[in-house]
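Common to both upcoming complexes is subunit A, partnered first by subunit B, then by subunit C.
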Partner chain A sequence: MSRVGIPRSLFYYYYGEFWKDFLDSLDVPYIVSPETNQDIVNRGIKIANDEMCLSLKNYLGHVDYLKDKCDYILVPRISNFKNNNQTCTNFWAAYDIVKNKFSVNLLHYNIDLEKGDTLKKGLYKIGKELNKNKYEIRRAYRYAYTKEKKRIKKNHIINVNKLKLKTIKILIVGHPYNLYDDMIGKDIIKYLIKNGIEVIYSDKFDSKITNSLSKKLSKDLYFKYSKDNLGAIVYSQKNINGIIFISSFPCAPDSLANELAMRKLKIPYLNLVIDDSTSFTGLETRLESFLDMLGGTLND
Partner chain B sequence: MKDCYLGVDIGSISTKGVIIDDNNKIIASSYIWTEGNPVEAVRKLLDILKEELPKGYQIKGIGTTGSARKLIGLMLKACIVKNEITAHAIGTLTFYPNVRTILEIGGQDSKIILIKNGIITNYAMNTLCAAGTGSFLSSQAKRLGIDVEEFGDYALKSTNPVKIAARCTVFAESDLVHKAQVGYPKEDIIAGLCKSVVLNYLNNVGKGKKIVGPIIFQGGVSKNKGVVKYFKEILKEDIIVDENSHLMGAIGIAVLARRNKTGNVYSLEMKNLKFITKAFECHRCPNTCELLKIYRNDELVDSWGSKCGKY
Partner chain C sequence: MTKIAFPHMGDYHIPANFLLSHIFPNTEVIKVPKITSKTIEIGTKYSPEFVCTPFKYTLGTMIECLDKEADTLIQMGGGCRYGYYAELQEKILKDLGYNCTVINLVTEGTTNFKRINKLLKQIDPKFSKIKALYYGFITIKMVKYMDIIDDYIRENIGFEINPGSFESLKEEMLISFSHVKNYHELYKTYKRYLNKFYKIKVHKPDNRLKIGIIGELYTIMEPFSNYFLEKQLAKHHIEIKRFTNVHYLLFEKARKYKKYQKYSKEYFTYSLGADASDNIARCKYLCEKNYDGIIHIKSSFCTPEIGAMPIINKIASTYQKPVLFFSFDSATSETGIQTRLEAFYDMLEMRKEK
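Moving on to the complex of A and B:
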């Protein structure tokens, strides 16, 4: 039985659970690469071009880790979500880069919703490639889809409930592949939680709601994930004490969207840009002083 | 015996120490170069302060700030260890309760702090790039063969500052070399550099921030008259530079030390203190963290740098 490798980066943080449910239901074994560690970062740097963003470098590191541990690697390309909702060009490029840099079998998951594709179509292609029949695929898709819908609803409710709390609340704005990556955002979030801050994640809101809310900050933006993030800001603005932006160096959509948000914000914010050499000491200084400011410990 | 409080600000380039009394009066202060060795710099600093401290005072609190604050905090058994942004804000508010904007340019970093009614409302610090900070100015001074302390005087002589790319240190440096080789006079180049520091600061940390007076400029670079002049010119506001502007972080942390005093009495005598650090790389997992173990009088007091928290 062929085994599928899933790199724990980029799209994994959006659709990982969805894919895993789908493959589980199809009875296909899979392996997910481990949390990003120094070894994976180093592998990525070796393969990547120096102009790529840290997240894409890490992605290539994850693929490199998986290359001889599975028969297929799932490298999706979702280039467009319709209605002026593009993904970052790095997401488009990842598939071609992997195809040219590694001699591995890739699972085809190239979809463009603008051209009539759907997430469903993509998964059907995968199912066929893995020699499953139509009925099995349909069952697996339905199973995964129902679970995914429930997950989105649950995450949204948790976030909304957090907004009602009376403690100090910080909205973390960033892409989930940066926020939850062990080498990028995880330490920052750990630090906040350790200091008693209620953390609200921009990506945990239902994107159906946040995507359209983003229009209040900008009507021209066309990056889907940036729109979701800005929408999360609009949604929670009145109920939070501060915002922390986390992005990887040199993220192009973030440099545009975050900047735009910062200029229009009326509440304190902190902008953190992470590179592979960023030491936590420098971040700690910024986080500590940010919390000092929010907590009012400066003003006795 | 009267009580007094020591604040130490250990920056990347310079180490500052201040002793204040209960009325925030500075009774001893010193400013020396860190020279890449914070522990030795602090030993030297305490020796100087010991000489300066008048008789009849006892130290009731020690605070540390600056990039080596944790290390020196352990060394001196400080009662408070705080980041430099908080320290600078507290220090400035002690002397200027009406301040609205604090501009700060240090050796490796630059920050802006916005204050309203004595409450900090926002701040920013440089992110990845150290362009336009003190270390850039001192390396360019070396290239031009003059002392960084004379920089301001040179800049004031110029009537026609040359244009130097302000965005990036690397571009600024190549611009500077070109301008020098083409034959521009030194004053104009130095004035151009000072101006580029200001522009860089306003475009980087000051970006999108509303800068209102009273404005206070501090950090080592505030001693550079050229930079002050261009801040005034570009912001079209008066810029206050306190005579102790370079000590503000140390003053702030001394004030915080007073607020957090524990009742202990501290000594400035460090001669018999053995304080060493040992670095090693852990190979238990693929992260290969660089670890640092800190020994105070042969006793392991702390270790830093592990991701998993095992050490």
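Moving on to the complex of A and C:
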């Protein structure tokens, strides 16, 4: 039985749980690479160009970790979601970079709604490559889809409810593959929670609402994930005490969209750009003074 | 009276000037100052820290134009984040206290007549569409002729017998291009100068070095931002092949993409954004046509090209061809570039002798 490898980076944070449910239902064994650690970062640096963004470097590190542990590696390509919703060009290129850099079997699909390539079509294609019949794939897709829908709804409710609390609330603006990555954003969030601050995530709002709300901050923006982030700022602006921007160095959409947001904001914000040599001690000092400024009390 | 200005890119300010001054006879088109090291200094000062370099160049030029009392700025966009420059630049300029509007003709790498019409109405609500179409046609032809002549110059400038003859003739041609009145006159001027260019004496040895330049579009087309790379190569008597020009971007890109994809399908399956996938196909083409070396240039942090670089590296190692990667930034030193170019040139010579 062939085993599928899923790199725990970039796409995983958007579709990871969905893939897992899908493969579970198809009865295909899979392996997910571990949380990003120093070994994976080093592997990534070795393979990647020095100008690639930290998240892509980590992604290549994860793929390198998986390359001899499975038969297939799942590397999708995401291009756009119609109506001025492009993704970063690294998402376009990831599949071709992996294909040229590694000699492993790849499972891939393409999301390009302008040309009619949807997630459903992509998963049917993958299911066929794994030798499953149409009915099995359909069942698996439906199973994964309903579960994913429930999970997203739950996240939305938790996030929106947090906005009503009376404690100090900070909105974290960033892409999920940075926020929840062990080597990039997780320490920051842990630190905030330790200090008794309610953390609200920009990516856990309903993107149908935030996407159109982003027009209030920027009317020309066409990067989907940045649009969602800016929309989240507009949505929660009145109920939060401060904003922390987290981006990896040198993120292309963030460099412009976040800058525009910062120039238009009227509430306190902190901009953290993280690269492979950033130490948490340096960040801690900045976070501490930001929290002091917000009037938060420190534990130690 | 509105005063229009636009950022520089190569010699294309001449057709742009021609077009704007004819469509909007009631407005003044500002003569844009040439890019200098001061421009990039100003641009860098007010730009976000890790934005790509074209942003800094265009912002610097915009500030210089605004100091000359321009109030309407025109910006074009590409398929990458270039399409999003205009909005942030407008915000930065407004924060600096300038009163201006930035008009972005292209976003996301695509545009249509409806959008352009709407935007041009902002400048002058009574502009004549028929005139715009007519002069638009002449401008397109002018760009095409300029690109054809530039291609010829690039192939021959390294071998001219009287140094400087190509450059002085080209300047003469650009001046007469800017004074044409109708299409017939433009065509006649073009033919006249083309003949003059053919008559310039060149000495082309058979064992000359041939280099292809590929890379990110702004850096490739604006000679100041690549530190006059082409001129330096010409000094070493090298024949240069370059693909990117405005005519290609406007009319050929969409048509050629499928061809390129078929041609190099073993290297990329999907578009990598902006010009990246075109560059991969061109790299393969240059290798197969037996060019001696390839120079890949880009501004620093250009995301699509960064994605293409590992693939270009792979092609070059398959065909055993040398590639030189340049990443230009506002802080790049000219001497550093010269040293690397000279080393590259020496290496090519040595390979040739073998």
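Basically, the second predicted complex is superposed on the first by the 295 of 300 C-alpha atoms of A that agree within 3 Å, B and C clash if a C-alpha of one lies under 4 Å from a C-alpha of the other, contacts with A are read in each partner's own complex, and residues count from 1 in each chain.
Definition applied: contacts are C-beta pairs under 8 Å (C-beta built on N, C-alpha and C of every residue); 3 or more make two chains touch, one makes a residue touch a chain.
In this text, all values refer to a predicted model and were calculated from it rather than measured experimentally.
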Problem set entry | Contacts of A:M293 with subunit B and subunit C, given as first, second, both or neither | first
For this session: Could you tell me if A:V273 is touching subunit B, subunit C, both of them or neither one (first, second, both, neither)?
Result: both
Exercise. Which partner does A:F249 reach: the first (subunit B), the second (subunit C), both, or neither?
Worked result: both
Exercise. Which partner does A:R263 reach: the first (subunit B), the second (subunit C), both, or neither?
Worked result: both
For this session: Please indicate which partner A:T89 is in contact with in the superposed arrangement: first for subunit B, second for subunit C, both, or neither.
Result: second
Exercise. Is A:Q38 touching the first partner subunit B, the second partner subunit C, both, or neither of them?
Worked result: first
For this session: Spot which of subunit B and subunit C makes contact with more residues of subunit A, would you?
Result: C
Exercise. In the superposed arrangement, does A:M52 touch subunit B (first), subunit C (second), both or neither?
Worked result: second
For this session: Using the superposition described at the top, list the residues of subunit A that contact subunit B and also contact subunit C.
Result: 249, 259, 263, 273
Exercise. In the complex of these two chains, what residues of subunit B are touching subunit A?
Worked result: 67, 82-86, 89-90, 118-125, 127-128, 208, 259, 285-289, 307
Seminar exercise, completed: subunit C residues touching subunit A in their complex are 48-52, 80-81, 83-88, 91-92, 95, 104, 107-108, 267-274, 276, 300-301, 303-304, 306-311, 314, 327
Exercise. Where on subunit A does subunit B make contact in their complex?
Worked result: 37-40, 182, 187, 249, 259, 262-263, 268-269, 271-273, 275, 278, 281, 284-286, 288-290, 292-293, 296-300
Problem set entry | Residues of subunit A that touch subunit C when the two form their complex | 48-49, 51-53, 77, 79, 84, 86, 88-90, 92-93, 95-97, 99-101, 110, 218-223, 249-253, 255-257, 259-260, 263-264, 273
